[in-house]
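Two complexes come next, and they have one chain in common, chain A, joined by chain B in the first and chain C in the second.
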Partner chain A sequence: MSTKLHFITSSSATSVSDLSITGCFTAEYDNYKVLLDDIEFSDGDMYFRFMNASGTVTSASYDDAVLLQRSYGGFADNYHTGQTYLGSIGYDNNQQGGGATEINVYNPYSSSLYTFASWSNTGMSSIGTPVRKGIGVLKVAESHTGINFVGGATISNVNARVYGVK
Partner chain B sequence: MAGSLVLIDSETVSSGVSSVSLTGIDSTYNVYQVIINSLTADTNSSGIEIRVTKSGSADTTSNYDYASLQLKAISAFADNSATNGDSWDAFNTTGTATGSAFNLTAYLFNFANASEYSFVTFEEATTDNSVDLRGATGGGVHTVASASDGVSIHLSTGGNIDGGEFKLYGLRK
Partner chain C sequence: MSEYGYIPESPAQSWGSNKGIFTPNDIYDLTRADKYTDYGQLDLIETKTVSSAVCDFTDLKTGSYNNHLVTFTDIHFGSQSEFGYKVSNDNGASFATGYQFANQRGNASGSFDERKSTSQDSARLCGDIDDASNSLANGYMYLYNAGDSQKFTFSTSSMVFVDNTDTPAMEFGGQLYPTQAQIHQIRFGLGTTCASMASATISLYGIKAY
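Our next item is the complex of A and B:
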C-alpha cells in the first residue's frame, strides 16, 4: 500500500529579510504540510505569504485569526482582515535555536479556489513561550506555487520543509 | 515522517449528496487522519456535522461531546461546547457564496478499540455565507465503548454537500 506524505523540498537561510520557496505547490497535491524547526530573531515575529506562478509574492487580501497563548501571561485573540500576510506563525527574542511550527495548506495551486491555511506554533521569548493556533485565508482565486516567509525583523535563522499529502 | 501516512478511503464530491462517509478504520493503525478539502454546500448557514460510523452506518445516538474555540477574523473568539449531542457539531457554517468553503484536518484516536471511547482532535478553517473567515480548534469524544469504523459528514440544514475532497489516512505504527 503506497504512502501518501511526500517530502517535496526544504530551504534554510541566515540573516535575511525573507525566505521564498518556489515551485513547491503543484497540481500533484491539494494539501500540503509545511514544517519550520528553526525560527530565530533577535526580536521578531515570523509571517508567511503565498507566491504566484510568476514568482510574485501576493501581498494583499489575507484574513486571519490567531489565538495567542502565553506561558507568562494572559491569552489573546488576534484577528485581522485585508492584511499583507498571515500570522504570526512564530516569535523569538532569544536566539536559542529552534521554534516549532506546523502549517496545513489547502488548495494553493487551484486557480478557482481560495487558499486556506491552519497552523500551530510554539515560540520562544526570554520570559516564556508564546504558543499560537491560527487559521487564515488568501482571498485571491489564483494559482499559488510558492510560499514566502517574512520576518518582522531580520531573520537570524530559518529552516522550512514542505510535504505533499496525496 | 515520509512513508507513514497511508490512504484508507477517499471521496470526491462534484454534485449534491446528503452525506459523505469515510470508512475502513480497523486495528491496523492506532491513529487515523481525516482531511476535508473545500467542502461546499448548496444551502446557506450550513453547519458541518460529523458522526462516527458503526459497521458503516452513522451513529445518531446522543453520545457526542466536544469543546472547541471558534476563531474569527472579524470578531473576538468564542468558546463552543456541548455534551450528549447527536453529532460533533463543533464546526462553523459555510454557504453558497463564491469563495465559501470548509477545510478540516482531524485526528481520530481509539476508533477501532471496542472497549474504549472514540476520540477526535481537529482544526478547521472555513469561509461562511459572507466569505468571512472562521475556524475552530478543539476536540471531542463519542462516549460509547464500541468500535467505530469511520466518520460520516453531513450538513446541519439538511442540504446537500455540493463539492469537496474527503480523505481518510492511517498513521503507520
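Our next item is the complex of A and C:
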C-alpha cells in the first residue's frame, strides 16, 4: 500500500482556554500528522499537551527545544525541561488566520515508549511573522489517546485536523 | 463466502486491484486491512516538469482543498540565485509582492545564517543554487489557507540543496503572504522576481479534510 495520510478527525473552537481532541490516537497508527490552519489570539501563544485515559497530562514531564525565527529580528533558542506543556507552537496578535502549524506525533499510543513530537509553524504578529521549528518529548511511557491545545491567553479561534500516517 | 462477505466469493483483493461488489461494511473492513483502493486524503493535483521556464500552478483546486503540500525535485538554475514563490489572487494577471519569511540556513562547512525579511518581492524557500550540475535543491512545503479569502496565506518549508560553492546545505522556515485573499495561482522560480529556472519538477498535492 502506498504511503498516505488518513483523515481521522477535526475540531475547532472559538473563545476558549483550551481545545481537546480525544480518541484520535489509537493502535491503528504509530505516527500522526496534526495540521492547524487557524491559531488566533488577541495576543498569545499556543501550546499543547497529550491526553491519557484520565484526561490531560499536566505533569512536569515535557521537555522541548524550539528555534524561534523572527522575520523582524534576531533568532532565539528556546528550550525547557520539566514543563507542563510543549511549545510554543505559534504566536498571534493580529488574527486574520493567526498562523499555521504542522505537528508530527510519534508513538503516542504506545504504553512502553515516550511520546515524541516535532513541529513547524508560521505565526503572525503586527511587526512580522515569527516562525518556529521545534521538537518535544513527553517523558512518560504510557498510552496517550488525545491531544490538548492550550492558550497562553484566550484562544480566539482554533482549527485542527488529525491524520494517521500510513 | 469470502472473509468480507462480498460477491463473488473469495476474490483476491489487494490495494490497487479490487474485484467485486462492495457493501459499506466490506469497504470499511477492506480499508482497515489496507486492501481497499482509496486514494486517500493526500491527493496529487498536478506534477509539472519545466525547462527554461517558471513553474505555474494555475488551479489549486481551493474549492476542495484549503491546505496543500508541495514537493520540489531537482530545482536547477542557470545562474546563482535563491528559490522562492509568488502568489496571484487575480487569476494570474499579476503576482503579488510583499512577503514575510524567516528561514534558518546551515551548510556542511559550518556556516549557519538567518535569512529573513518583512517585505520581499517573493517568499524565499532556499538559496543559493547555481548552474553547476550538482547544484540542485530538493524539499517540500506546506501551504495553508490558500482557499480562504478571509485569511492570510502561510507556508512552512524544508529544503536540502548543494549550494553555489558545491557545499551541501539546508534551509527551513516559514513564509507569510499578509493579505486576506483567495489564492488562484502560485508561481515558483528564480530570485525575488521568480524568473525562469533551468529545470525543475514540482508536485502540488491537496490535503483533504471533511
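In the analysis below, the second predicted complex is superposed on the first by the 157 of 166 C-alpha atoms of A that agree within 3 Å, B and C clash if a C-alpha of one lies under 4 Å from a C-alpha of the other, contacts with A are read in each partner's own complex, and residues count from 1 in each chain.
Note that a contact is a pair of C-beta atoms (placed from the backbone, for glycine too) under 8 Å apart; a residue touches a chain by one contact, two chains touch by 3 or more.
Predicted, not measured: the structure shown is a model, and the values here were computed from it.
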First (chain B), second (chain C), both or neither touched by A:107: first
Which superposed partner A:133 touches (first chain B, second chain C, both, neither): both
Which superposed partner A:81 touches (first chain B, second chain C, both, neither): first
Chain B versus chain C as contact partner of A:10, first or second or both or neither: second
Which of chain B and chain C A:121 touches, first, second, both or neither: second
Touching partner for A:97 - first (chain B), second (chain C), both, neither: second
Contacts of A:64 with chain B and chain C, given as first, second, both or neither: first
Chain B/chain C common contact set on chain A: 1-2, 4-7, 67, 120, 133, 163, 166
Contacting residues of chain C [partner chain A, same complex]: 15, 32, 34, 39-42, 66-67, 100-104, 114, 116-118, 142, 144-145, 148, 150-152, 154-156, 158, 172-176, 178, 180, 207-210
Chain B contact footprint on chain A (complex, rising order): 1-7, 30-31, 63-67, 77, 79-81, 104, 106-107, 110, 113-114, 116-118, 120, 133-137, 139, 141, 163, 165-166
For the chain B and chain A complex, residues of the former touching the latter: 1-7, 35, 37-38, 69, 71-77, 99, 101, 103, 105, 123-125, 127, 131-135, 137, 165, 169, 172
For the chain A and chain C complex, residues of the former touching the latter: 1-2, 4-7, 10, 28, 35, 37-38, 67, 69-72, 74-75, 96-97, 99-102, 120-124, 127-133, 161, 163, 166
